[in-house]
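Before anything else, here is the set of structures, which you'll find just below.
Okay, so chain A shows up in both of these, paired with chain B first and chain C after.
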Partner chain A sequence: MQPHLKRAFTLLAIAIIGFIAVRALIVPDSFGQNGWYRGDSVFELRNFPVKHAEPVSCGEEDCHKTIYSIWSSAGHKTVNCETCHGPSQEHVNNVRIMPPPANDSRDFCGLCHFKRAARPSGFPQIDPETHGENLKCAYCHNPHKPWFV
Partner chain B sequence: MESLIWGYIYPNEAEIQWSILIVLYPYITGLVAGAFIASSLYHVFGKKEIKPVARFALLTALSFLLVATLPLVTHLGHPERGIEIMFTPHLTSAMSGFGYIYSFYLIVVVLEIWLSFREDIVKMALNSRGWKELLYSGLALFSYDISEKALHDDEKFAKKLAIIGIPSAAFLHGYVGFIFGGIKANPWWSTPLMPLIFLMSAIVSGIALLILLYLASMKLRKHAIDHKCLHSLAHYLWIFLILDVTLELLEVISMKYESLEEIEIINRLLSDKIATTFYGVQLGLGIFVPFVLLLLVGIMKNRETLKMIMISISSVLVVIGVFAMRWNVVIGGQEISKSLSGTLTYVPVFFSQEGVLPAIIILVIPFIILFVITRILPPWKDMEEKV
Partner chain C sequence: MNLSRREFAKIGCRIVIGATAGTAMIESIATNGIAAENSPKGDYNWKEHYWGYLIDTRKCIGCGRCANACKLENNVPFDEPVYRTWVERYRIVNKGREENVTIDSPNGGINGFTDDIPAEQIKKAFYVPKICNHCENPPCVQVCPVGATYSTEDGVVLVDYNYCIGCRYCIQGCPYGARYFNTEKGTADKCTWCYHRITKGLQPACVEACPVGARVFGDLKDPESPVNKILDKERINVLKPDLGTKPKVYYVGLDREVR
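Our next item is the complex of A and B:
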């Protein structure tokens, strides 16, 4: 082989070896341990503090029993307490720490209830321009028992 | 927003994700593959009449190849993560192959250019001083053997390389078509013909671009045009145009003839959403008019200037028509809902990361690169001899 071709191929080989070396350095060791992701990320995620407490924690021990029983038999029973009231594990651990105030803005309710072409026609939807005179939804509707206006 | 939507669409379809940048990506890789295949008409198939533009075509291919990744990287929300496709490619996705296919092809093109310009590089290294000497010596890898035997070996190796180059050019671009053709949820994309359609339109656009660049550079350098070479390019353009239109029409006709459940939405797409860009620009201006003009060029005797004008017009139309084809595939495919009973509308934005402005900038860069490369490695010697 001609010397210039040898040099070209040596250069190419160096580039390829360089790539393999950089790849070995950059790809995390735990990558591919359990699948196509970084195995260590499972442990990192597991160590995150738990923020949500589940609705059961609100209803048990008599704390919010009345509102819990109203909610759990009404139309919004599939909408978790913490969806509107925010994450509350800290509050469950220590009642003195209050969860963030509930989100009662029109736009928040609208995430589910503003009219969209893609929603099933039987689903309660409103046109925000014409319905409710820009009042907060909870002014007329009870969010814990939606048809209790 | 509501007026841009017709019928029933899924909520996650409301925004069109693959914008004009993703239209640009197959367009640019197509120009690369086309220019490379045009050059291999000489390098592999020995078509002597193409010789004047053979090396220029390689430089054109390289200039466009260097920016082929830019539309994709710009499209990414996290461009710095683009390289992950090389480090941890997930082999169940066709897209994961891009990094390796692209790199392999880049190596082939660079080697091919290096071998075909080596004699010039060595001569310039020996005949210049200062930083120029350093640049060319570096490009020659500090090996200055240009004896007859060395050049003969180079030529043999370059030919072998070009033989690998053709399938890899076809693979690079056929693969882009495969990505679209393999999306079974989208009836406008999902067809095994897609890689071939992409490849044919790539060759067509590459040859047309080469014709335009050849004419422009000869005009700028005030040099006579080699009409034999031009007519030969126009001839190949015409042949590939026929193959291209055959496949494109075959796809639509078989879709209409089969009339599967998606036909209603496809009809709506063709008659409403992309009617102008499909029938008007892609088929009418991009294929039919150039086809007739190039046919006349083939029939006419003498009248070289008129023929040259007709070839230039055809090439401009082809280059625009192929862009429209990429648009109709990429944007058209996203304008129909996966529900098959609704349509959306893509409205291009000018100033944004996904906008028209970055697309224009990305499309201009290869011409600047080509200008710089032709300063370093002038291909004019072949283009200007014996006319």
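Our next item is the complex of A and C:
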């Protein structure tokens, strides 16, 4: 073989081997395992910590059984515990970690119940100017067992 | 040695074929070994599920608890105007013969809405919760230059935060505005339908937080799932069906003004 061809082929071989070596180092092992992405990232996303528990976690094991049975048979049963009480998975895991108390301000109840034009007409709404004389809603209404006048 | 043109071509072809075959062999040995021990099945088999989402706009009261719960669950920067899910308010005002549509979403609806248009001027008004549509044919996945965003077997569009280079093409590519740039991570970010929850049998945080059941989540492969039950009896629409993205977020009671 002529020397200039030898050099050319050697260079080509080095380039190809170098490309394979660098690619093997850079591309993550799980890339392309399930498709054009890093397969391990699915696991990373699945292992993200859960922050909201479900209402059953509150009612089971005699923790909040009384309030759970009152809530689950009354008008606010579609409103889950954590909608008002905030994310509580930490508290479920370790009862010593207390979630902050539920917001009992008029404005918080008003997020759902102040009169707004865009709300479905059948939904119970009040005019905050004329209803309740600026008292906290829980003064008259039990949030776990609401009643409608 | 004198090389004829034919011989040169022969040797060249051999080298190219040999190198390609070698790369393919090394690749297949390397990836097969990993795929066997690290398959995405585990306790949750993603081939058994195909998730879907349904929003009944007739029930939504615009309380914004969904957007609030989403931010808390997924560590979305709370004080930045970025949302994985948000609530829009549509108000159609009748001024004589002209129709005027006002669309707003102050802080994604988290702090609620106040009426700044007199009720007697409003012809119709309603809330529309928005969320990533997890399209079957997602434009955001097509435009990603590095393979950092992808559709899973169970029909969820996810972002690989370690692989994303933060170029923002996907944010531009999404016709629904469902993606945002996460300044804490330095990557694009989006709704995952709470992938860490649904793979453990829980509901997404927004569905959990909704006090009126306007948001429904379920498995489209399970005929008894709540989503399928509503899909079977209600009249369904999706957002921007003309784009061919095939969204998996179905809407009940959508107005023609909603985009």
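Following the convention adopted for this analysis, the second predicted complex is superposed on the first by the 100 of 149 C-alpha atoms of A that agree within 3 Å, B and C clash if a C-alpha of one lies under 4 Å from a C-alpha of the other, contacts with A are read in each partner's own complex, and residues count from 1 in each chain.
In this text, a contact is a pair of C-beta atoms (placed from the backbone, for glycine too) under 8 Å apart; a residue touches a chain by one contact, two chains touch by 3 or more.
Nothing here was measured: the structure is a model prediction, and the numbers come from that model.
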First, second, both or neither for A:4, with chain B first and chain C second:
first
Counting only touches as set out at the top, which of chain B and chain C does A:26 meet: first, second, both, neither?
first
For the overlaid complexes, name the partner, chain B or chain C, with more touching residues on chain A.
C
In the superposed arrangement, which partner chain does A:56 touch: chain B (first), chain C (second), both, or neither?
neither
Kindly classify A:123 by the partners it touches after superposition: chain B alone (first), chain C alone (second), both, or neither?
second
What is the contact status of A:12 with respect to chain B (first) and chain C (second): first, second, both, or neither?
both
Quick one: is A:110 in contact with chain B, with chain C, with both, or with neither? Answer first, second, both or neither.
second
Tell me which partner A:97 touches in the superposition: chain B (first), chain C (second), both or neither.
neither
Chain B and chain C footprints on chain A, overlapping residues
2, 5, 12, 31-32, 36, 116-118
Applying the document's contact rule, which stretches of chain A touch chain C when the two form their complex?
1-2, 5, 9, 12-13, 16, 20, 24, 28-52, 54, 76, 78-80, 82-83, 86-87, 107, 110-112, 114-120, 123
Residue ranges of chain A in contact with chain B within the complex:
2-5, 7-8, 11-12, 19, 23, 26-27, 31-32, 36, 116-118
Which of the residues in chain C end up touching chain A in this complex?
1-3, 8, 11, 15, 19, 22-23, 26, 30-31, 34-35, 38, 40, 44, 58-65, 69, 72-74, 89-91, 112-113, 115, 117, 119, 122, 125-127, 147-153, 158, 160-163, 192, 195-197, 199-200, 202-203, 205, 208-213
Provide the residue numbers of chain B that touch chain A in the complex, in ascending order.
2, 5, 7-11, 14, 86-88, 90, 107, 111, 114, 118, 140-143, 145, 150, 153-154, 157, 342
